[in-house]
Each structure stands twice: as structure tokens, then as C-alpha cells.
Amino acid sequence: MALIEYADAVPEVRAVFDDIKTTRGVADVNNFWKALAVHPPTLRRTWESLKQVMAPGALDPLTKEMLYLAASAAAGCAYCTASHTAAARAKGMTEAMHGELLAVLGIAAETNRLAEALRVPIDQGL
Amino acid sequence: MALIEYADAVPEVRAVFDDIKTTRGVADVNNFWKALAVHPPTLRRTWESLKQVMAPGALDPLTKEMLYLAASAAAGCAYCTASHTAAARAKGMTEAMHGELLAVLGIAAETNRLAEALRVPIDQGL
Amino acid sequence: MALIEYADAVPEVRAVFDDIKTTRGVADVNNFWKALAVHPPTLRRTWESLKQVMAPGALDPLTKEMLYLAASAAAGCAYCTASHTAAARAKGMTEAMHGELLAVLGIAAETNRLAEALRVPIDQGL
Amino acid sequence: MALIEYADAVPEVRAVFDDIKTTRGVADVNNFWKALAVHPPTLRRTWESLKQVMAPGALDPLTKEMLYLAASAAAGCAYCTASHTAAARAKGMTEAMHGELLAVLGIAAETNRLAEALRVPIDQGL
Amino acid sequence: MALIEYADAVPEVRAVFDDIKTTRGVADVNNFWKALAVHPPTLRRTWESLKQVMAPGALDPLTKEMLYLAASAAAGCAYCTASHTAAARAKGMTEAMHGELLAVLGIAAETNRLAEALRVPIDQGL
Amino acid sequence: MALIEYADAVPEVRAVFDDIKTTRGVADVNNFWKALAVHPPTLRRTWESLKQVMAPGALDPLTKEMLYLAASAAAGCAYCTASHTAAARAKGMTEAMHGELLAVLGIAAETNRLAEALRVPIDQGL
């Protein structure tokens, strides 16, 4: 699958790459964005959505990033797990926090599977 | 699928139910535990694991609960999503926090799918 | 979603229903087949495949049925989990065997998630 | 992702590695355990759970291992599929048994998907 | 989970509901939007994205809708499968087309599972 | 995992390989078939099913191939995503069509996740 570098990108793609670099303070964008650049409207829309969702709000940036990591690992996406583990560390996730996040992911997977295998009826009032 | 009530439970199951009720300060256990009681060793082991994992540590209880919810929703488990949404609310998740958690789950699902559909190579150094 | 009963079925569907009833020694077919009857070629092909796969071979019928149940529960299919739990019981799965199967499903889910979240490299030689 | 070798491990991790090697009669532990060693409490808890679940019981060790493999393959975990295929072979799974297990996994995936796409109602009495 | 009706909605939500009704020519919005209205920014962003993605382009509306249905069924989302089956029918999917779509979904699930269980290496050049 | 080449294959496997090559007009079969050849009955049955399902019908070959790709990407199968992206291109999927297919996959993943996390009740009449 082709990765589109800045030098080879059309202006619409360069504008998104520039915004990602400025917003994140990084020298280059991740492979995800270079791959998504094959379809400029999806690149732009996805970046605009992600920027809006990950902005600080009722949840702090580290919590959002760890939720992103939890969802990505639960979905089994290797690329996403790798990049959001790195992003969470950059935002302050320590080894101890990562270890506990892994433990929660593991026990959630186990109880999710058991609840489905036993077809447990949802508790009244929920 | 049968749910085993306290009154009908063998002593080994009652002991676990008692510990759940004491630890959580609740009058009755959730359906999940009543269903899991069909196999007492799995009931006890699962509860012991969950109690250890969800105890306060490097991550606070609310963050752990929201990670549990994120993993459960990403895995598509309806029972788990219902019960961990309620648990997170009981631990302090506001409507605004829930809304942002949902937004993170949604964008994570979208970018996970795109990363896999494009087979994006993991960035160097990760 | 419509369920097609024998009385309302076209001859091609009736022929498959008859073969299911004869092969399994049952008075009526499960809802799955009544739903699949909306597309007779898929009904026939799916039944022929299933009949061939589930026939006794190097694995005995109960082991095959428990593997089917494990795969269905791991995939989170509620209908399939319900019907293959019943089928496994009919073929001899005891409560104790079911309990151990659930325990394996649970620990497999947990270690699967951890292996993916940690991106563990496959061991040399495998 | 770092793999922690025995020589570099803290005593708590070494104790688990020793127990794995003794229980399984192997010279070294799999990468899964070396990766999990980043969080010693999760390493120890996971190993203790797995050892308990996989011990002989109402189901024999080979059947348990094949169920583990079925669940892992259904969950799409490449590492787990590789290691449990090897483990099942070591416990006596022949080529013919593996072929039939694959066939069951395939037909289960197909019928799971069809049952969900058709939203088949669960049969009365199940 | 609460569904927010138009009469009870804040102006920001009403504006989105109005746009959905106008764009689709319907008298009321689906439950999905009423549920998503708990978080107005996610409601608006999701609707804007969906409207942009589903607009006619290189793929016609029916093909897009069937792809949406295929992805939803493959992800095991019951709500999404129900609503996109209805939407595809409204856009011209006949019974025969639906039957063939189901057949493709089934065989894709089977071969996906087998490819993963066998860990097939990607063909050279792809 | 072993790949079985034509030169090393038993007659039953060669017959299937020959039919694949003739039907598709290709010089060699994909790795998927070479891997599946470890179990000749599953190889033959899977190929016969796939050939029947993918034959022209109410849906044209390109639409079927894109549905196959959508289901494979939604299921997170890397091998299947790679091979069906190539197959769809060979049948006429342009870059613009691929970009729109990706966009549909992404928005479907997002709304699927949100619908499940919100436990949206299925709309009346569906």
C-alpha cells in the first residue's frame, strides 16, 4: 500500500499534513495519514474529526488517549495499538499505568466473553 | 440460561457472593455472577482476578472503569456495556464525560478500520 | 426478518428441510434454516457444507460441537451460542464440561487480548 | 515491545518463569510471558489462572487445547493461533484432526455471520 | 438508554434533526440519532460525516448502502444490520440481490477465518 | 505454515488447483489455496462454494468483490484485505471507488460502535 510523502502530495493533502504537524508539533506525520492521503476528502474529514474529538474537554488528553488505546487493542488493530501506546506514553502514561491498563483490558476481555457465552440478561434498571 | 440466587447457592458460591456484596457495598450481586455460579471455580477465580485488577493503583477507579467500558463497547458486548456504563456513572462519570468517551470510541473505530483496510505499516521506532 | 415454514416453502427448500430432519432425527428445523430459506441456493449449499463438516471423522461429534460452540461464543453470536450450547448438551456435554469450556473461553479471551495489546512477536520456529 | 529475559528479570518474575518451566517441562518460556513480565502482578495472576484452567478435569488436555485454539483463531489473534496450534500438536492433534478443526472453524464463521446478518430469533426453549 | 425526541431537544439537536429529515425526506429521524443526541457535538459531527460519505460519487447510492450493510453485518452490529438492510431495500436492493449479498458475507467469513487460522502469508506483489 | 505447491500436491489437490487456474485464467493459485491444501476436503468444498457464490448473478462481479473486501476489512483479516483489494482492482475498482469504499467502511465502523455503545433499540417496523 502506497505511502504519500509531503513532497509528492497535492496541495489539498499538504494543507492537512501542515495542520497535523502544527497542531501536534511534530516534524512529520505518521504513516496512517500518508496512507489515507490516497483519498484526500477522507484524509481531511478524518483529521478534522480526530482533532475535534481529542481536544481537551471534560476528559483530559491522557485519559482520552488511554481510552483510544483500550478501544484499539480491544479491536485487535496492531497499527493502532502501537501508535496509541506511543501517544499515551508521550502524554504521561507510566509503566505502572500501562501495566494496569493491560490488566483491565485482559479482565474485560475475559468477562465480556463469559457474559456472552452465558447469554446473561441485562440487570433490571440498566 | 439459569441464574443462581443466593438462597439456592452452594456454600462455595455463597462465600463469593458475600465477598462481592461486602467489597462493593451492595445488597445483591449482578446477573453476571449469578450466571457464572454454574461453575464455582470459574466464579471464584474470575471474582478474585477482577477484585485485584480493579483495586486502586496507578490508575484511579473511575479511569479503570471507563477503560473497562471502552474495551467492552469495542468488543460489542451488550451486557458488559450496560453494566460498566452504570458502574462508571456510579464512580463519577458525568454526561459530558460519557459523551466524550463515546466520541473517542467512535473515532477509534473509524481509524482502526481505515488503518486495517489500508494495511498501514507500523511507524519506525514504535 | 421472515421465517419460512415448511408449509409455505418452495420444493427446493422443502427438500433441504426434509434432509435436515432426516439426518438429525428432528420433527422441525431450527429458525436458522427457516431464515436462510429466503435464498434457496445459500440454504442448500450451507446445509450441504455443514453436513459434510460435522460428520464423524478424526474428531468425534461432541468435540466438533464444542469447537463450534467455542468459535461461536468467541465471535459473539448470541443465536449460535444458544443453539450450539443446546446441541453440545444433546451430544453429551455435561455441566462440568460446559463449565471448563467456559473457563477456557475466558482465559483464551484474556490472553488473546494481552498478546495483541503487547504485540508479542511469534516465537521462533512456529 | 520489550521481551524480558530470565537473566534480566526481577525475583517475582523469575519465580513465575520457574513455575512455568517446571509445570510444562520446557527449557524457556514463550515470548508471551516475557512480554507480560513488564507488569509482574498481571504476569503472576495470568499464569496462575491459566495453570488452573488448563489442568486436567472433565475435559482432557488435548480437547482444552483445541478449544483454546478455536477461540484464538475465531478472535483473529495471530500470536495465539500460532502458539496454540503448536501446543495442540504437542498434545496429540494430528494433521487430520487439525484439518477437521479448521473445517469446523470455517463453517462456524459462515453460519455465525449468516445468523447475525439475518437476525435469526433464538429458538423457543433455548 | 434515553432517546431524545424532537419536542424535548435543544436547538442544536433540532437543527441536526431538521437537516436529516430534509436530506432524507423522512418525517422523523431513526432511533440512532435520538440516542446520539445525548452529546450534541458528536451528533452533529457524525451526521455531517455520514452525509458527506454517503453522497453520490464514484459509487452509486445503492452500492454504498450495500457496502455499509456488509461492514455492519461483518461487525455483528444488530441495530446497524437492521437499519441498513431496510435502507438498502429502499434504495433498490431486491430479494435476489440480498440473497447474493448474504452468500458473499458467508463465504467471506469462512475464508477470512481459514486464512487467519492458517496464517497465510500475503502473496508476493500485493 | 506450509504452502503446498502444485508439484508436491496429491491428485485431489491438483484437480482443484487446475479448476481454479482455468476458472480465473491465472498461471498459479494464491497462497490461500496452497495453505488450505493441507486438508483436501476443505480445499475442494471451499473452492466449490466460492466459485458458486462469486459467479455473476443479481449482483455484478465487481460489486460482489467490493462486498467481499468490505466484509474482510471489517473482520480485520489482513491477508483477505490484501487479496480482495487486488481482486477488486482487477475487476475495475478505480482509485476513486476505492477511496469511497474506504470512507464507507470508516463511517460504518464509527456508527456501528456508537450504536452498540448506546445500545440503541431497533426502530419499530424493522
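For the reader, a short list of remarks on this structure follows.
We just call them A, B, C, D, E and F in the order they show up, numbering each chain from 1.
The rule is simple: a contact is a pair of C-beta atoms (placed from the backbone, for glycine too) under 8 Å apart; a residue touches a chain by one contact, two chains touch by 3 or more.
Predicted model, so just to flag it, every value in this text is computed and none were measured.
Between the two copies, chain B and chain E, the C-alpha superposition involves a rotation of 120 degrees in steps of 5. Two chain pairs, B-D and B-C, are compared here, and B-C has more C-beta pairs in contact (counted per touch definition above).
With centres defined as mean CA coordinates, chain E is found 27 Å away from chain C. Chain geometry summary: the mean Cα position of chain A and that of chain E are 22 Å apart.
Each chain gets one centre point, the mean of its Cα atoms, and the points for chain A and chain C are 34 Å apart.
Along chain E, residues 38, 41-42, 45-46, 49, 53, 71, 73-78, 82, 99-100, 102-103, 105-114, 116, 118-119 each make contact with two or more other chains.
For chain F in complex with chain B, the residues that touch the partner chain are 73-74, 76, 78, 81-82, 102, 105-114, 116-119. If you check the complex, the residues on chain D that touch chain C are 1, 3, 30-32, 35-36, 38, 42, 46, 49-50, 53-54, 57-59, 63-64, 66-68, 70-75, 77-80, 82-83, 85-86, 94, 96-97, 99-101, 103-112, 114-116, 118-123, 126. Contacts from chain F toward chain A in the complex involve residues 76, 95, 98-100, 102-103, 106, 113.
Residues of chain C that touch chain F in their complex: 41, 45, 49, 52-53. Chain E makes touch with chain B in their complex at residues 38-39, 41-42, 45-46, 71, 75-77.
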